[in-house]
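Both of the next two complexes hold chain A, though its partner changes from chain B to chain C.
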Partner chain A sequence: MLLSFERLGWWKWVLVAITGLVTAFLLLPILFIAALSFGSSQWLIFPPPSWTLKWYREFFADPRWLESAWTSLQIAALVTLFSVGIGLCASFALVRGKFRGRETLKAFFLTPMILPVVVLAVALYAFFLRLGLNGTVTGFVLAHLVVALPFSVLAITNALEGFDKSIEDAAVLCGASPLEAKFRVTLPAIGHGLFSAAIFSFLTSWDEVVLAIFMASPTLQTLPVRIWTTLRQDLTPVIASASTLLVLLTILLMLLVALVRKGFKS
Partner chain B sequence: MTAPYLHIRGIRKDYGSVTAVENVDLEIRRGEFMTFLGPSGSGKSTTLYILAGFQDPTAGDILLEGKSLLQTPSHLRQIGMVFQRYTLFPHLTVAENIGFPLKVRRKGRAEIDAKVRDMLRLVRLEGFEDRKPADMSGGQQQRVALARALAYDPPVLLMDEPLSALDKKLREEIQVEIRRIHQETEVTILYVTHDQEEALRLSDRIAVFSKGVIDQVGTGPELYANPATRFVAEFIGDSDFLTCSVLSSDGRTADVRLGSDFVVPGVPVHGGGGGRSAGALLLRPERISLHRHQPAEAGTLPVTVGGLTFLGSNVHVAATTGWGEPVAVRLPFGHGAIEGLSRGDTVWLGFDPRATHVFC
Partner chain C sequence: MTQASNTAMLAPPPRRRGWLPAGLGPATPALVLLTLFFVVPVVSLLLRSVLEPSPGLGNYAELLGSSTYLRVFLNTFLVSGLVTTVSLLIGFPVAWTLAIMPGRWARIVFAILLLSMWTNLLARTYAWMVLLQRTGIVNKTLINLGLIDQPLTLVNNLVGVTIGMVYIMLPFVILPLYGVIRRIDPSILQAAALCGATKGQALRRILLPLAAPGMAAGGLMVFVMSLGYFVTPALLGGTNNMMLAELIAQFVQSLVNWGMGSAAAFVLLVATLALYAVQLRLFGTSQMGGR
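This part shows the complex of A and B:
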């Protein structure tokens, strides 16, 4: 190999140092928040004078926090369901379809990824105001669906492009109807793509804050919105606990992704 | 003759203004091994895909035991197929793959298990039940695909260049297997290939496709001994073509002239009208005799040796006629006529005019 890690000599240690620094840069803020959430100081002093679970008790004792967490979960679950379903249908059209403007349409599906979210948020806010959807779960789900769908379309079209249509044809000649062939053969074969689409859709909605702030009402708030509003009113370590829990679920999901990917490979 | 088992009648397929196949007419007997042979783009795969129901013909019909298949969707045609690419279901084991056609037919567990065992024995892959396709070689995968295609006893099995992704040795091994399986199951097979050797090795009859039409249908020896067109002659076996002019023709045989004065009488003629015209004389390199000295009898063609190539059991002699056309002769290794033969020598070629053909 042209660039062998073992033969780099002392450059090896420069690479190790850079990798370490980047990792620290990415991870330290999260570790910092996690540490603060267990600290006893009311004023988020670092390093914490002593350790406590008090802020977690307060989080779980406050119905508003729990309600926000529940709202977030509900919305993320609905977004996941619709994002994967619509993404799957769209991907079949984009990969298998033969029509003019297919490439353009595919690019169009990905535009929410590059569009500034705040622009999208303002536009949706104005639009939903007319429909009376602001402050409703439907509004939340629709708004998050816009930003989650590109991930689904990307993951599923990739999986479908890598799947040989002859395999589905073989299933049809084996006696399965075209629909049955898709359910029994094609979908299981692109399962890794569907799984990625589901996880990314869930996470997109789960920690999304800009659209959520626009969609929220005093009675309907997701966890990130609750963190944001609380942060503006008073600085309590409960925010740190809430953030830590938010990150914890994300990490668990990413671990699940890693495990399932390994399962798909073997 | 009674009605054919499978009748492909006047099939034509257009893609826009391009005609992929036309006038494809074939009658196939029950249990026959019929091969569609031709270069890529000759329409052989298109015909097979029409049989499978993946494409609809622009015109024509397909009759199985007298009943049209065209209105029946693919999954109800009860036709088995092995594809060019590996098409095993990646998330299922070998046993589940083979059992798939029975499972979609809602067969019972015991029946499926028994059939899977039978099929694994048929393709000689006992003990592979729980393997996943990704853990098998290409040859094994195609054998499983064959087992899956035969699992529900289809009346007709389609095979679309199933061995083209395998190396030569493995290909020959599986050809023997396919031949054996055909004899054991007595299934009617339609086999597509561009490999003449494969076609000759496997088939009862071969349909030679060229540019969307069938040039000729016949057994291997028939096609080789009596090619109907120059294309068939070129595609099956090795061939030498010498330009000639037709001196006279009665539509069946003709007298032709090579060069300025070498006349070959009574050559079977294909195509063209009567009278004088240009043509191509077909010689088979292994049916030409080579003489070091001019023989007493007339009718041998003097040529100049260009070189010898050793090809194992055969030796290939490249030569040039007096008017500069190349002609190849093939002789068995150790043949007396090639001992000490070297470049630049003049030799005389003898052949039986009745075993040659002229195409005009």
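This part shows the complex of A and C:
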């Protein structure tokens, strides 16, 4: 009875009310920020006295915002590329390898996921101080790669475990070289795994703040670092417009994922 | 056809490179990357905690012996515990409802859940900084409703951190709990009803115990994630309730005290790994994930 919506009686309405409130709690902050980004009040008064595009204009007119967004994009693209590539190779070893300790190796590949990011950030900061990699794109990419790789390994090993290796063997029997069989049979078949790996890697890097705060220099900042340093000074509505643009990007990515999932299913 | 299978049979067995276990080769790039930029930096950081400024356990003695730092540890556990408790209390009814509500509505709630989860962390934290400020919408609404006369201080204190972190952690409780409740056989609860159990009894003695593994797994994950959280406490918390991650950052960035900073990092690392070991022992690797 507790697991049947119709037979819950008045409990049903309590549950629906709680869920409604929590859903509002999850959604409202995002909606308010979007609304305030169009409001004319510098102090983010709600409802705004009048509507304006001034904060978006300020965002696009300030080269520092655009530069940091461009830096973020470059870093995230490189991280995605390497994360999927390295993750794909590692997944082949983890799924197809015949050596002992595969589970341990997988657990090792996933540890950056559970380690508090701040510990890794401080450790890499100290390490990069010696190598002179702080404030460089290489430093950012390496740092983000360490935290993005686990997501790739998870997504791709999952896909590869679900793929029947005998199909690849059949291609080899039919005359394809082992490498050709991998590229033309296996890779398309685990495409959904590669796609998830790419999306997760991209978002991990694009949204990453803690490592970035430590890696950043006054001349090389990612978008999150720029938001962070601005936030520490004041709550300017320009951040509301930047946040709204980020939310739009999130929605676009979610739609893309939904579309691609549908494509892989059919 | 026969020829093809003959060639396959005649093909030499996979070549073994003497020093590499069979099939490990492709893992090399990942191994090199993680060894160089994960293991080496973390290990050398931990070494600094016992080597700087002078070899010994001085840093740990200072860290665990001073009331200032103990307050930070205590506060870290307090905030994490509070966030976990509130998330579970709110998350359980939502996961329960999601598991049984009509699919169309559940899909909408899921979409909102994912949207909030995928939205940039700083954007979400900024939203709460704006909503909770003295002249913010939350205070205004409460005043307009006549519930309070003076605006409440909702940021730079425990209230702000808790609200901001519960907001971030809720999906990590709801999603695993949803999975667990979804797998419970409804006929068990029907049987309870047939045997005369009231709704309250069925909830206490059947649904909650059956959902307990999910609550424990989600709760532990949120607790561990909260322990090392940096961004939200730094922006929504006050100086009086600093958390461990901020202390580490402060030691390294402002005070340039690497010995103390790495000792604090090591404490956080040990706490995190110990709790994950508990989680692995209890639930296996399947529940691992999230940051």
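Note that in this section the second predicted complex is superposed on the first by the 247 of 266 C-alpha atoms of A that agree within 3 Å, B and C clash if a C-alpha of one lies under 4 Å from a C-alpha of the other, contacts with A are read in each partner's own complex, and residues count from 1 in each chain.
Here is the rule we go by: contacts are C-beta pairs under 8 Å (C-beta built on N, C-alpha and C of every residue); 3 or more make two chains touch, one makes a residue touch a chain.
Here the structure is a predicted model, which is why all the values come from computation and not from measurement.
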{"item": "First (chain B), second (chain C), both or neither touched by A:161", "value": "neither"}
{"item": "Partner chain(s) touched by A:224 [first = chain B, second = chain C, both, neither]", "value": "second"}
{"item": "Of chain C and chain B, partner touching more chain A residues", "value": "C"}
{"item": "Contacts of A:189 with chain B and chain C, given as first, second, both or neither", "value": "first"}
{"item": "Which superposed partner A:173 touches (first chain B, second chain C, both, neither)", "value": "both"}
{"item": "Touching partner for A:100 - first (chain B), second (chain C), both, neither", "value": "second"}
{"item": "Footprint overlap on chain A, comparing chain B with chain C", "value": "172-175"}
{"item": "Touch list for chain A against partner chain B, complex", "value": "164, 166-167, 169-178, 180-181, 184-185, 188-189, 191"}
{"item": "In the complex with chain A, residue positions of chain C that touch it", "value": "4-5, 8, 21-31, 33-34, 37-38, 40-42, 44-45, 48, 90, 93-94, 96-102, 108-109, 111-116, 118-131, 133, 135-137, 140, 167, 170, 181, 184, 186, 189-190, 192-193, 199, 202-203, 206-207, 224, 227-228, 230-231, 235, 245, 248-249, 252-253, 258, 261-262, 265, 268-269, 272-273, 276, 285, 288-291"}
{"item": "Chain A-touching residues of chain B, taken from the complex the two chains share", "value": "52, 54, 73-81, 83-85, 87-91, 100-101, 104-105, 145, 148-149, 152"}
{"item": "Chain A residues touching chain C - in the complex, by the definition given at the top", "value": "1-5, 8-9, 11, 14-16, 18-19, 22-23, 25-27, 29-30, 32-33, 36, 43-46, 85-87, 89-90, 92-94, 96-100, 105, 107-127, 142-143, 145-147, 149, 153-154, 172-175, 203, 207, 209-210, 214, 224, 227-228, 231-232, 235, 239-240, 242-243, 246-247, 250-251, 253-254"}
